[in-house]
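Think of it as A, B, C and D in the order they're written, each chain with its own count starting at 1.
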Amino acid sequence: MPEASPAKWHLAHTTWFFEAFVLARAERRFRPFHPRYAYVFNSYYEAAGPRQPRLERGLLSRPPLEDVLRYRADVDARLAGAFEAGLAPELVDVAELGVAHEEQHQELLLTDVKHAFSVNPLRPAYGSPPPPSGAAPAPLAFLPREGGVVEIGAPGEGFAFDNERPRHRELLQPHALGSRPVTCGEWLAFMGEGGYRRPQLWLSDGWAAVASRGWEAPLYWERDGAGWLQFTLGGLRPLDEAEPVAHVSFYEADAYARWAGARLPTETEWEAAAAGAPEDGTFADGGRLHPAAARAVQLRGDVWEWTRSAYAPYPGFRPLAGALGEYNGKFMVSQLVLRGGSCATPLGHARPTYRNFFYPDARWQFTGVRLARDT
Amino acid sequence: MPEASPAKWHLAHTTWFFEAFVLARAERRFRPFHPRYAYVFNSYYEAAGPRQPRLERGLLSRPPLEDVLRYRADVDARLAGAFEAGLAPELVDVAELGVAHEEQHQELLLTDVKHAFSVNPLRPAYGSPPPPSGAAPAPLAFLPREGGVVEIGAPGEGFAFDNERPRHRELLQPHALGSRPVTCGEWLAFMGEGGYRRPQLWLSDGWAAVASRGWEAPLYWERDGAGWLQFTLGGLRPLDEAEPVAHVSFYEADAYARWAGARLPTETEWEAAAAGAPEDGTFADGGRLHPAAARAVQLRGDVWEWTRSAYAPYPGFRPLAGALGEYNGKFMVSQLVLRGGSCATPLGHARPTYRNFFYPDARWQFTGVRLARDT
Amino acid sequence: MPEASPAKWHLAHTTWFFEAFVLARAERRFRPFHPRYAYVFNSYYEAAGPRQPRLERGLLSRPPLEDVLRYRADVDARLAGAFEAGLAPELVDVAELGVAHEEQHQELLLTDVKHAFSVNPLRPAYGSPPPPSGAAPAPLAFLPREGGVVEIGAPGEGFAFDNERPRHRELLQPHALGSRPVTCGEWLAFMGEGGYRRPQLWLSDGWAAVASRGWEAPLYWERDGAGWLQFTLGGLRPLDEAEPVAHVSFYEADAYARWAGARLPTETEWEAAAAGAPEDGTFADGGRLHPAAARAVQLRGDVWEWTRSAYAPYPGFRPLAGALGEYNGKFMVSQLVLRGGSCATPLGHARPTYRNFFYPDARWQFTGVRLARDT
Amino acid sequence: MPEASPAKWHLAHTTWFFEAFVLARAERRFRPFHPRYAYVFNSYYEAAGPRQPRLERGLLSRPPLEDVLRYRADVDARLAGAFEAGLAPELVDVAELGVAHEEQHQELLLTDVKHAFSVNPLRPAYGSPPPPSGAAPAPLAFLPREGGVVEIGAPGEGFAFDNERPRHRELLQPHALGSRPVTCGEWLAFMGEGGYRRPQLWLSDGWAAVASRGWEAPLYWERDGAGWLQFTLGGLRPLDEAEPVAHVSFYEADAYARWAGARLPTETEWEAAAAGAPEDGTFADGGRLHPAAARAVQLRGDVWEWTRSAYAPYPGFRPLAGALGEYNGKFMVSQLVLRGGSCATPLGHARPTYRNFFYPDARWQFTGVRLARDT
């Protein structure tokens, strides 16, 4: 899969981030650990120079893992030294950004490993299979919410990515929001009614994707004689109908919503509902690495929730200065916003104002569905 | 170019629209003019049955033009008969939609011809070259506009496409809007400062498009020893710096705005400004078929103006019932809204509430740029 | 299909050949009919300057057919004048080459039309359907032929393409040659025994082609409820089992031979057998434009016969001087030799020494199969 | 590069060959080492079941190297046991084929590593750089050789691949053969005279490859301020003009020969000349892993020599029975024969009758050029 990177690349890249954006400015006589690592481990920062084409990351049999671990140890030590020597406040901010950046790659590393294992004929497992989550979820309800002017976005203080700012006012229309995410059992009903075979349910681009890629179910679902199975980070195990559906694209989420007589929420609707909601969901730290049974609210964790909102700058958006300004702003076209965090997200990484974004055909993240309706 | 269709296909397709959506319901003993034309001339209506793949339209050496003209005459006559016999009100509405649909294809036909001629080594001309437009335009000013809740969208009565409805409230942020479109002369300045060579100015997808397609100027611009020329529907002629730039993609428009320290307007900003503005621009009926010199306001006609708004359903959007519901709604992802109409748009076709939409890399329409700024 | 060209392109291209290679050298004050036609209608002669990319030939809505007809009339008249004024002997030779070249394009024009009509949903016909050919052919026999040194290739005098020369000696191994081409009925037996589903029968590249293109039968075969039909230049009509199979690729011919416990002949074997054989087959002049029933010998006409010989220079091969040297020699890799001529070949065009050549996956010519065996 | 495989894949695949084709028939109670390894490590034997797509070999992060080494040790031990217990003669033959097969992969492993290192931005080295080879080679001479009927191919006894048999007679034309391979210095002269920019020198497919891939020199050549460098298995070092040119495609070899007023030899010409020639060249065992200076004869070792002969079955060719019959025969189309062995070939692996084969665009093997001429 072209989006995925090898595990050692993730480790070296997050290390390079600290070296290039903190140490290079903090160390008086900065010398890079290796003169070519900036080329090899830069992901996309044009302002930071040329770099290894993404599709060729998988070819990097060198440097070996040991060299990457030595790189990491070296940068860790120098970073500790820089902190001890007293880091300028703006570099402390960059280091905090580096931590958030690394948390993002921790999630990507898990989802990349899941994908690589899923296409490996040996079907390896990263851990033990997630235990079934038990009882059937309560029926889905649509909770009415009033319209009006609301504020969304991150306030000025505290850590947040630049794309979450500035906090600003939006006009909310009256609507109703699903009481919990859509489950695997509900998705089976969609499939049973020909969900993947009825073009009327799909956006035009979505239907083209169904046809060209042969989608018939969410990613990682497969069928054997006895029923549906699901490939997890713990290997293949039976599908649990009570769990939120995951690994669906925006196109599938949108088609499902149309089939259900509903629509996807906007990011404003989502954030207004999530403001103050408890961080009660399943996150990476729990070790399950798989969504747990659908239940009331569950806005945070378990699965990222597709919104119908295109990823775009907030009114008054200002990217960070310099190369770090490429972090978020340059992707603001053709992608959709997802909200909430997933079972592979480090606990505390995702805020209610957090804006994740992917192309509408992406399926390898833990991406799920919450419904909304006009009222 | 895969988006283009042969001229006779446009003619037959708009004819088929009337036959399939009006006559098939109005005529008591409906028999199609030709049993296979529905397959050949359906564009994308899934609900209306299978169809000729778009990429293979160019292969249709049959039916010949004479047959298409006979098809047209036949449908025209039957349609006149149906009107005389008394058409049900809902079918009158569909016929009106058919007229609007045909007007859209009149514009596409012109832009498809322009493209086909531009890549033809003989460089044919459709008419005489548009005369130079004369005096230099006034300097660009940014006109401040207040924020607040505004209404946009088409009212309930009168013809409009379903995607223009419902009329609804949006929250406008305070901003300033460019007093006229960006000109070719200004675009030359952008190019002169390395506009097409500085990745920091571009969205990531846009920069990839620059690299893979070798963009160095707007479509139809070419250079000879004496300076810049521009291919027009009247053939090749010198670039006129006073005219609004046209045939730029969203990516280019966005990069230009960043270079200019500005941004593209939202569709709400555009529509709020355009409400009540006179239809004073250059439209197809004038016969120039090329933008005329930039001048104050010029919101209507001349060039379509890219907005930063992703094409998405308005709150409460309801597509038309049946196959006609596929007209607009199924394209609501990954495209950007354009506003205003162009020199190839039939006069009176485009309303202030009209939402045109294209993918961010499209350049073969008369697409230009108006700037905006946060205040 | 990327190999095909529009009919008017064939006409203009063969006209250009006479203009560029005869008139340009014969006329004292040569001026081309149109300054850009050399670009538009040059097929592949690098030495004759740049040219329209092959894939874009289909985009040439201009020049219209009338202009091409005027071009033709003009060149015809000037050519007649040049002959009357007395043409240098070497230019008479080039004119003769131009005639042979045009005969090749007459065949290509027919096969291109057949292909374009076959994918047109209206399924147009070029003429009336070829009548069934009647009685069942005699059983296939393998006629033993002795080994030894033989001479093949065109003698020094008389017209032949450069790739047929020099006449030279080859060592023939003892073998046996099929008494007639393989029939459609025999091909049905191959299909019935899983011919298109058994990888062991196929060359590796051939099996990849079967998989990627979904081949299940020869090109232009299709099945309806009642049985197999075949698209012909006279439209769709029932398959005639007595006719030689046509429109199969080298890969299919080779797989069939393996299934039949045989192999394809070498071009030396073919030419040794064909030397002196009567021109008794079906050629374009008869107007049937479809192979006639298989019968004894039939080495000439009806279907081109794939050989196992790669298209390569004969020992001592010398291409013509100048641009005409590109006619044949530059294609001498990765293609296979076919022999004999087809029902779309002008009578008298193909000699026993004639070497046709196509890539192993080509199917749009009338290409068939004759078997051979080691003895 | 899609043709390349990871090092551990080569090791496991050659191991699987012994397991699948020897042990599975020799062991009374055969159980595969791992039930999925046949899928993962089968290369292309259709008769041996489905297999990992070639392009996805690089994704195999599992099994790890340790597992592959255990697999190897297990199969080695079982193979030794089978020999001790007395292996049937036909399985001894298969084991000998397995050794030859492994020798082929030893060469591929080296050339795959060379390629992977060459595109790695760190430019790793496998060993130390090959020392310069010293004195300038003698001028190239063309040694005349008589025509007549000769025998080529492997005799009935002794090990040889099936594609080298049967030994048979061929008719040789009088010709002259280059006294040594073409050198890097001579190749620079070709480049200096516009070799890569003159379409007249190239086959049509070759010229298309030059254009689409941007070839301007042999693979692994690069230029810095001081002159030409060459990437070797010992890293980057200056080009040595005295060495035979390597890493050129058939297209380049053919264009060079045309420029030099010569042609490539046929495989019959090559084998007739090489019969009885000493194994005096540079082979992998010497450890240089790079061609040594060009010198008289040098038919064996150093570089594989492209012939103009398409890879095709010898008269009377019979593939081995069963899956092993897929070893050679199924590739007999669209590839060219190379002769002689290279500096990466194990000593004693390549015989004078040995037929190597690659597609005409392949450059990652040590492929060079010997010239010939008609006389």
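Simple rule for what comes next: contacts are C-beta pairs under 8 Å (C-beta built on N, C-alpha and C of every residue); 3 or more make two chains touch, one makes a residue touch a chain.
None of the values given here were measured: they were computed from a predicted structure.
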Exercise for review: Compute the centre of every chain as the mean of its C-alpha atoms, then state which one is farthest from the centre of chain B.
Suggested key: D
Exercise for review: Calculate how many whole Å lie between the centre of chain C and the centre of chain D, each centre taken as the average of the chain's C-alpha atoms.
Suggested key: 35
Practice item. Return the distance between the CA-based centres of chain B and chain D, expressed in whole Å. Key: 57
Review point. Taking each chain's centre as the mean position of its Cα atoms, how many Å separate chain A from chain D?
Key: 46
Exercise for review: Identify all positions of chain C at which a residue touches two or more other chains, and write them in rising order.
Suggested key: none
Exercise for review: Sort out which chains touch which and give me every pair.
Suggested key: A-B, A-D, B-C, C-D
Review point. Which positions of chain C touch chain D when the two form their complex?
Key: 44, 46-47, 149, 168-171, 173, 199-200, 202-207, 250-251, 254, 263, 308-310, 312-313, 315-316, 326, 330-334, 336, 360, 374
Check your understanding: Which chain B residues qualify as touching chain C in the complex?
Key -> 6-7, 34, 36, 39-40, 52, 56, 58-63, 116-117, 119-122, 124
